[in-house]
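Structures are listed in the sections that come next.
Both complexes below contain chain A, partnered by chain B and then by chain C.
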Partner chain A sequence: MIVRVRFHGRGGQGAKTASRILGTAAFNAGHFIQDFPVYGAERRGAPVASFTRFSDEEITERGFIFSPDVVAVMDDSLIVDPLANPLAGLRKGGCAVINTTKGADAVGGARKDVVVVPVALTEQALKFLGKPVLSAGIAAAVARVSGIKEESLLAGVDEELREVGLSEDMVKRNLEFAKSIYGELAPLKLKTEELPGKEELVPLALVVSGEGTEDVTRTGNSTVRHTGNWRTFRPAIDYEKCTDCMICYAYCPESAMSVGSDGRVKIDYDNCKGCMICLTECPLRAISQTREGGLQ
Partner chain B sequence: MNGKLLTGNAAAASAARLARVDYVPAYPITPQTEIIETIADWVRERKMDTKFVQLESEHSMMTAAGAASLAGARVFTATSSQGLLYALEMLYNVSGWRAPMVLVNVSRALAAPIVLEPDHNDVLAARDSGFLQLHAETCQEVADLVLMAYRVAEDRRVMLPAIVNLDGFYLSFTRERVLLPEQEAVDRFLPQYRPLHPLRASRPVAKGAAVMEGYVYTYFRYNMHAAALRARKVFSEASRDYERLFGRSYGPVEGYMLDDAEYVLVMSNSFTTIGRQAVKRMRERGVAAGLLKLRMVRPFPSEEVAALLRGRKAVAVFDQNLSPGSGGIFYPEIAASLYNAKGRPAAILPVVGGLGGKQLTPKEMTTIFEEMQAIAKEGKTPSPMYLMRNDELARVKRAVALAQGES
Partner chain C sequence: MATTSRFKTLKDMPVEDYLTPGNTMCAGCGGILAVRIFHKVLGPNVAWINAAGCMTITMSYPLSPIKSNWLYTAFASAPAGAQGVRDALDFLIAKGRLPASEDMKVVVVTGDGAAYDIGFQATAGAIDRNLDFYYLCYDNEAYGNTGFQMSTSTPFGASTKTTPATEAFPLGNTGRKKDLFEVWRIQKAPYVATLSNSHGVDFLRKVEKGGTIKGPKLYIDFAACPTGWGFDPKDSVEVEKLVVQTGIWPLKESVNGVVRHTFVPRSLVPVKEYLKTQERFRHLFEPAEKSEAVSIIQSQVNEYWRKAAAAEDLDVRLPEGAR
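Coming up: the complex of A and B.
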């Protein structure tokens, strides 16, 4: 049986490492495996994806997984992100492991034909590691629901986290994190095989657009793409303390600070990426951070 | 006799002048340099109203050429051999930008080892770049094909750059009679170039943007392919106009003594002339010989090739190029054009010769035609012919011995 897992995270959360931990865990358990990330215009906070396939037979598939058996969503705000679209293609009867503090109904949305497994990873990561890095936890959750043994998982966590250069102490804390998540969940029965039907192809004549080629003629189109959903943490200005010194305005690398008609600095949450440079630079500590809640 | 004596290089430069090109980014390389030197002289003498710039490499030259075309300039440039390869990365970009222009390539074999005389590995390295390719046999064709290339490349149905190829030495430095068209008639043949979404400071436009997804990329590549295929029809239309205005007609292929020919040799570029002579000689011996010249290489004229080669007893493809580990480059293209044709020839003989400008003799041509006849008669599978004469090999051996210290 083959299991195809697609991880959806934000740059910096550990999606690539998670796919490798699961890959190594399944490999340790005697499976054939493939794991790989998407490479392209990734950056911290932006939606990223990675993949793991494991199977008890030789794997005869390649490339991105468009029809996963399991999706691992490392940030529930991704569910409503049209670019990430993490539940897309998830097979009927498949499983969505979602990092959330909400219930399955709240995050599963329209998909009633899949099993939604909510798990509060970020809170546990903050507890065990002191920072929201989720690779060991999400790999543990997927390993558990897809039937990988605990010792194989832990060997995978150990090997992969040493590989990326984590300290002895951090590796140990990640092992505790993984054990805790693994213990919370139970294995699921996944049905993953189906025969492909026939594809309807477009004739070349209908692909052809006519004269010359299309160019980008719309100017200023970067405003079309909001980057506010990259945030893990959300800055907020305490206007009681703020003296309008404008240092945050000057330092913001995204021009996401503006001055309103009342003369006060405002944060453009549609485009603030949550880099927290404003928080670091504010001399009066008038800017605080809270974790983004994802689905509102 | 009317006309002028011009080298192939002078014919190319003259055609650029007649096309009233706006911009010539240049970089010298033998055997092409004479083209840009000629244009530089004309610009200095105010005989040509063109912006001429020498860039620091062929790569920059091609980048400048593509960008100028996108801004709406009619662009001409020329290169050879290693220079074309150095520019190759940008060739794919310029065609992807759908920036029409004409690049004259003066064929010279590729290093290593170094030689200055021609074969077609240089221009065929750009075979898949999206540039249209027209290959010339004579200095007359060089001039005519440069003008035709602008007309086809700039057509809104095409909007792709074009290469006109001529052989170094055999055409580039060889003078023969060339009839240059009148400027006024050329102006009628070549309407003003109308760029699509031209680059303007007042109206920003992004060309060749990152698309990041295979299916979007595929859409643009398929459209480029379709435009290149449409160039066949546009070339035929241009050819009719050209004949009407100048009296010379150019199809994508050209047959020579083909009507009743049983044994047909496929050739391209300047050595085709040697092939014509061989066909005549074979006819004198009573052999129904004929020749098919490839003039248009991209788009590949597979329909014309199939129509003109079906029903023949045998065909030989003369490749003046070599893809190491495969053989000649045109051979599989000709074979593919014929494979699904009804009444395809029983045998297609691959011949490789003329590498680095190596001499092609009448006797070798006789050998090729006799091999075709033998194959057709005996029904045997043709094995590729790699032309090398005994006296040539003996000279190589002597040179190698000398190079290794024997006296």
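Coming up: the complex of A and C.
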């Protein structure tokens, strides 16, 4: 039986590396494998996808996976992102591994015919690695639910992360991270069934939820893109401490800070990507960060 | 210059933004920050002429983060595109078909790939024709858009996709960063300047000064690249500060060929402090420090500032033990 896994992440979270780790892990376990990402104009924070197929028989399928057995969603804000649409085509009886702190509620009952496996990966990544890079963790979660042995997984993590040039220390920490996630979950017996109906490509029309189609003739219309869901951390200004020195405003690369009529700097949370330059540059430490709670 | 500029502190930065939020650049991108500040000084009537690079992706149909105009050209031909737009505006205004109030500033914006390599000769042509335009190069020292391959702007010792640190080449890139400032200057461009986002007032003043000069006005902005260089996006401006404080990126301008340093670090921070902030230089320090390579970089910087200090009578203290 072929297991088809589709990873959805944000650029920089490690979706491509995750698909490679899982591929190598399955190869170590004796499977035939394929793994590959979508190549395009990816950016840090933008929705990206990658794929892994593994099977105990030769795989004759090629190309992107439109009807996966398992989807791995590395950021729960992607679930409602029309450009990512991670649950599309997921087979009946399939599994959705979701990085979230909201438990199974993260999918909001959108699919009752699949198994939802929630796991708080970002929290664990911050604990083990100090940064929200999830490749080893999400690969470990998918390896566990799809029944790949732990030693095969760890060998895959080790090999792939060395190949991308991580330091000895970082490889070790990623191995600990993968072990922790692997131990947290249990294997599933998946019996999947393709959804009825012809495969449809995700339509390219740009639909920004709740806003209709944007007027292409309006200049500066990128404000409806809402890059705010790229954030891992959320900056907040303490207006008691702030002296309106404007340094944060000057160095915000996004124009996501504006000066109100009262002369105070305001943050546009719809589009702030959470780069946190403002926090670093504020001479009075009047800006703090909290872990982002996901889209409201 | 200081006495006539309207920019005294960062508080004088114009509050009008012509870059809107929601662009698709990486979080912490130095290039888009440069575009934002540059646009603030130029005001609303701008035609950006872009060659392939990261900035190209900001204009993903149907969304645009720029409140002015944007024209794509092929990789090698942004300055030629600028000539076309400049000429069209001039003709239309001369014939009375366009009111003079609708004139635009023509600005080429490219990365270092187009400026240092692929669009090199088109720029030379535009300088030779004394085209009245601005050129903003956001220099992140490699082809960042395609996955960080080496360009001729890549500095000595940097690891890129095409110059990785390997057993055969333990230093990564063994070439030296091209001195584009000098190359543009000796072609008799009336105004050439280097910028760093971290030195905002210097940045604002140089763009303002360009506005008083007719002909090619060329700017190279040191644009920190968290994705390609491997550092936390929050440190983007800090990295830009360090590159100036170490003396690796001198802030200077050339007016009709006469060079003047606009910011002189009184005592240079050792280059090591800068190199250590980024993954692309990690192989210079791990597993063991390659002190010979680091001292080559340091001595290049020292040599530069010795010459500059002698030419302009500057007071620059080199790091301790400098050769």
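The rule is simple: the second predicted complex is superposed on the first by the 259 of 296 C-alpha atoms of A that agree within 3 Å, B and C clash if a C-alpha of one lies under 4 Å from a C-alpha of the other, contacts with A are read in each partner's own complex, and residues count from 1 in each chain.
Throughout what follows, a contact is a pair of C-beta atoms (placed from the backbone, for glycine too) under 8 Å apart; a residue touches a chain by one contact, two chains touch by 3 or more.
As the structure is a computational prediction, the values presented were derived from the model and not from experiment.
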item	value
Touching partner for A:S167 - first (chain B), second (chain C), both, neither	second
Partner chain(s) touched by A:V216 [first = chain B, second = chain C, both, neither]	both
Touching partner for A:N85 - first (chain B), second (chain C), both, neither	neither
Partner contacting more residues of chain A (chain B vs chain C)	C
Intersection of chain A interface sets (partners chain B, chain C)	41, 216, 219
Of all residues in chain A, those that touch chain B in their complex	40-41, 204, 207-209, 211-213, 215-217, 219
Contact footprint of chain A on chain C as seen in their complex	10-11, 13, 15, 17-30, 32-33, 36-37, 57-58, 60-68, 145, 159, 164, 197-198, 200, 226-227, 232-238, 282, 286
Complex contact set, residues of chain B against chain A	98, 156-157, 159, 196-197, 203-207, 209-210, 212, 219-220, 222-226
Chain A residues touching chain C - in the complex, by the definition given at the top	11-12, 41, 43-46, 131, 165, 167, 206, 214, 216, 219-227, 230, 245-247, 249-256, 258-259, 268, 270-277, 279-281
